[in-house]
Amino acid sequence: MSAVLQVRNLSRAFGGIRAVDGVSFEAGGDGITGLIGPNGAGKTTMFNLITGTTRASSGEVAFQGERIERLSAPAIARKGLGRTFQMTHVFPGLSVLDNLYRAALFRQLPSPWSLVRPATVRQGRRQAFAQAEQALAMIGMESLANDDAGALAYGQQKILGVGMALTTQPSMLLMDEPAAGLNAVETDAMSALIERVHHSAGVSIVLVEHDMNMVMRLCSHLVVLVNGRLLASGPAATVRDNPQVIDAYLGADLENA
Amino acid sequence: MRRTDLTLVHRPVGVRAAELLVAAALLAWPLALGESRFALHVGVMVALYATLAMSMNLMLRIGQLSLAHGALFGIGAYVSAILTRDAGLGFVSAFVLAGLASALIALVTAPLFMRIKGVHFALLTFAFGEVVVLCFVEFVDIFGGNNGFGQIPPAQLLGHTLDRYGSYLLATTLALVSYFSLQAMYRRELGVITASLQQDEALVTASGFEALRFRVAVFVLSAAMAGWAGSLFAHYQGYISPDSFGFWTAVNAVIINVLGGVGALLGVVVGGFLLIPLPELLRDLQQYQRFIYGIVLMALLCFMPKGLAGLWSGLIERLRVGRARA
Amino acid sequence: MQIAIQISIIALMSAFVYALIALGFTLVFGIMRVVNFAHGEFYMLGAYAMYVLYGLLGWPYGSALIAGALLVGAAGFVLERVLFRRFTGDEMGGMIMSLALAITLQAAISLVFTVDDLSVARPVEGALQIGSVFLALDQLYVVGVTLLALAAFYVLIEKTRVGITIRAVAQDSEVARLQGVRSWRMTALTFALSCLLAGLAGALMAPVYTIHPHMGELVVVKAFIIVVLGGLGSLPGAVIAALILSFTEAIASTFYNSTVATMLSFLIVMAVLTVRPAGLMGRSR
Amino acid sequence: MLEARNISVAYGPIAALRDVSFSVRPGSVCAIVGANGAGKSTLMKALCGLVPLQAGSFHLDGQDITALPTDQRIAKGLALSPEGRRLFPELSTYENLLMGAYLRRDRQAIREDIDKVYGYFPRLAERQNSQGRHLSGGEQQMCAIGRALMSRPRLLLLDEPSLGLAPNVTLEVARAIRRISQDGTTIVLVEQNARLALKLSQHALVLETGRLVLDGPSDEIMNNPHVTAAYLGGHATA
């Protein structure tokens, strides 16, 4: 079986600093993959490279067997590689359902040409609406459908963000710190949603997260980045007990350095 | 069924009827009140500059302040003038081609230009506009240079040469068509997309939307509108020269938007009504006119950053709050 | 040979004057992120200050020059506070405000002095003859004073405490605050300094060319070209670009045609903006 | 020396710090450790007046500084070496240090203090005319600490001084921090490198998602299972 996402020798330098330096890993299939590492390890850069937001200096990214590292961000999104953001990204002032509907609409009518054909527009609206309803059910916010998204609690906004990513019907979702800024109850709700998305909807998931309790609860595989380089990857339990990984997190000892 | 923001496409019948009534009145008033030469002239200018301001509004909606719109207006004017006077084409085909010519220029430059954002885009289009105007100045054989380009045949429709009222009807029709088309587009997906792009481009792109291509399309459409306005300007004036199409023409279009409020198209049209006749009306006070204009504009930027539209919605809001309290 | 030297003097004169104007323009962009389209109007104000103080009131040339520049700087100080500070962080708003200010200042000057060309008597007449080369003394004078002003500006920005602070605020205003800098003070000071330089340039050029309310428009365009070529916010870039532009212009308009020369410089500006928005000598942040 | 009472900070709807209280004894090194997003840098910025407080107050030597703007807090003796170094990229090392003494007027003493900084970090003396952006990561960090020292602070705040540094450079910086402390400056040290921070400090605080979860002597905290848990999860018993 080949993995859904394959990253090979991916590098990116900003100025003289190598933010991501020759990293290779695979993700997808059974189980959620966690991408972890201390601050400045290059995790968000890695996400930006995979989703085409930032262009790689060198290396390859393959998604479902197809090379995507030269594609634009929207083209990659339409291939079925979705993402969520570290900070909330919702449209305040619009209802929860409208937020979902918009996200779905962008996917349905992605280019100027699709916007000038009335039949395409009508069909796009219908499908977008259906997908918005579907995502609404998946994130379990039916009772909040008409509430202003900007007035939701922060945790609910982040869950709505996941719903918006789902309206594009991704086969893989990259989630950037879904629990950042959430309290314990909200983190539990988010974890439950991620499991639901993975197990019931069958969406592959790669997760960047600092809340290690959440990572250990959700992830079957871990990829550890430190200073832009791959430090370890493999089954979660093995990686966690790797002394190098513990050092990377707690810091090397003053006396041993 | 739950409401989504797009169910708002259908506005109350009363509002639409009122709009059509105003549009009809704009077209027909000279029949009832008599054709005042001065009023018709001002009317043509208001209609053309309001169209230019609306084309600028499209750009401002995607967050890109273009200082090239004076030039795009000029390209339409010169293309139309050359095609009718020198190439012997009819007015209608020249008019159509004039808009397409501006659109084509936009299409060629846009893939480069639309990657540039913010102040740098304004500077880039400023330089582009200057180059275009310098072309009008330099290539005397084609454009007539600083002496201008004269003897442009007036517009002809169905074999009739348009008189002053005819020109007024034509210019006003262009402005009305622009207004209603843009209004309809803003109320549909185009409005949703421009608003979303302004708020959160990363999110829109992550949903699979081709933001760059969309911007290119908007620039092209906006350029076509400017070109068409320019064509009518040329045929109405009969004479054009490079200084009508420079930097300040684009700035005026921006200023009309600032006065009206970028967020409301109606505000932009009203802004045109207020600003364009000023120079004509204050002719006796000409030396004070620009000074007052500048002072008013600075005050506006300081105290009314959302323009007339903002003032209007603020007023309604205040009335509503007042009523709720009472 | 003779032509070459005369062209060089004219080119040097305009290069130094352009540099004075462009330095202020780029300094303001660097620290306030405002593209100040009204910058040319401060140049114009400097020329009119000279007309009043030296031409009408008969002040001595030197005092009129200094007083004129200081007056324009003071005007800048006030206008920063009243008009521009509210647009901190809003590049577009600041730019539109500068356009409105440009309109107002031009109109105000037209109201007071009419739109006619005015002239100011030259402080020095005659020419210096070296071999077969004649050099107009007033032009040499401008070259000398601008060179002096540029040197003073260089020392101020590079060597003094205020200069270091101005650069620090432009580079990272938050960290500058962490050192105890009240950054709004530096902003006001910088805007005033920028206006002072433009005013000085205008005052210097008043006797050389005729003065009129729109004289700032052309100059701000030159400053704009220089600043884009040199990199928005870059001081050495501005000086080098000013030299390149003036010499190219002088040569091109002597042997070819000044419209083509200007067109060419705008095309280069466009190329730079699309390929390297940070300018030839600037760096992207 | 420093007392923080019930500090809460929020960015919009996100609570970054919730009801954090602690105090720092004069002459000591106080470490603040915790994973990413725990609120450490927010605490530093709040202390310097760069982000507004939602609730709570800071007292420096018994004096309430909560309402003071940044420059007056600096004048009262605070100095921060910010996360990510943040040197002025186009100023030289020397000028960066000079900026640190912005509020001082005693030229002669400033000159001496620059030499003192070069004493802590001899490498900076060799590079005093290089622009900030041309320095290596370690040199930038040294310069940032030096810049903070130039205001002769009574309380020096160091935000992530080991971030992105090679182990041997980290060690060099760590030794300098120890010397600065021995010379009498009170230090608050924010670190992700918990072992290093706990070694350098006498007292430590552990932050977790904006809350203070541990507060005590560093050697005790070093052996607390909760610390490992905060970083690697799973083993938490608290």
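Letters A, B, C and D mark the chains in the order given here, with residues in each chain numbered from 1 onward.
Here, contacts are C-beta pairs under 8 Å (C-beta built on N, C-alpha and C of every residue); 3 or more make two chains touch, one makes a residue touch a chain.
Bear in mind that the values here come from a model prediction, so they are computed numbers and not experimental data.
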{"item": "Pair of chains joined by more contacts [C-beta pairs], A-B or C-D", "value": "A-B"}
{"item": "Label of the chain whose CA centroid is most distant from the centroid of subunit A", "value": "C"}
{"item": "Chain centre separation in whole Å, for subunit D relative to subunit C (CA means)", "value": "43"}
{"item": "Where subunit B and subunit D are represented by their mean Cα positions, the distance between them in whole Å", "value": "55"}
{"item": "Separation of subunit A from subunit C, taking each centre as the mean of its C-alpha atoms, in whole Å", "value": "50"}
{"item": "Chain centre separation (subunit A, subunit B; CA means) in Å", "value": "42"}
{"item": "Residues within subunit C bordering two or more other chains", "value": "none"}
{"item": "Sites on subunit B at which at least two other chains make contact", "value": "none"}
{"item": "Numbers and ranges of subunit A residues touching at least 2 other chains", "value": "none"}
{"item": "Arrangement of touching chains [line / ring / star / complete / other]", "value": "ring"}
{"item": "Chain pairs that touch, as defined at the top of this document", "value": "A-B, A-D, B-C, C-D"}
{"item": "Of all residues in subunit D, those that touch subunit A in their complex", "value": "12-16, 35-37, 160, 162-164, 167-168, 170-171, 174, 191-197, 199-200, 209, 227-229, 231-234, 236"}
{"item": "Residues of subunit D that touch subunit C when the two form their complex", "value": "48, 50, 69-71, 74-75, 79-80, 82, 86, 88-91, 95, 98-100, 102-103, 147, 151"}
{"item": "Residue numbers on subunit C that touch subunit D, as the complex places them", "value": "161, 164-165, 167-168, 171-172, 174-182"}
{"item": "Subunit A - residues contacting subunit B, complex", "value": "51, 53, 72-75, 77-78, 82-83, 85, 89, 91, 94-95, 97-98, 101-107, 109-112, 115, 121, 125, 129, 132, 145-146, 164-165, 167-168"}
{"item": "Residue ranges of subunit B in contact with subunit A within the complex", "value": "2-6, 188-190, 192-193, 196, 199-200, 202-214, 216-217"}
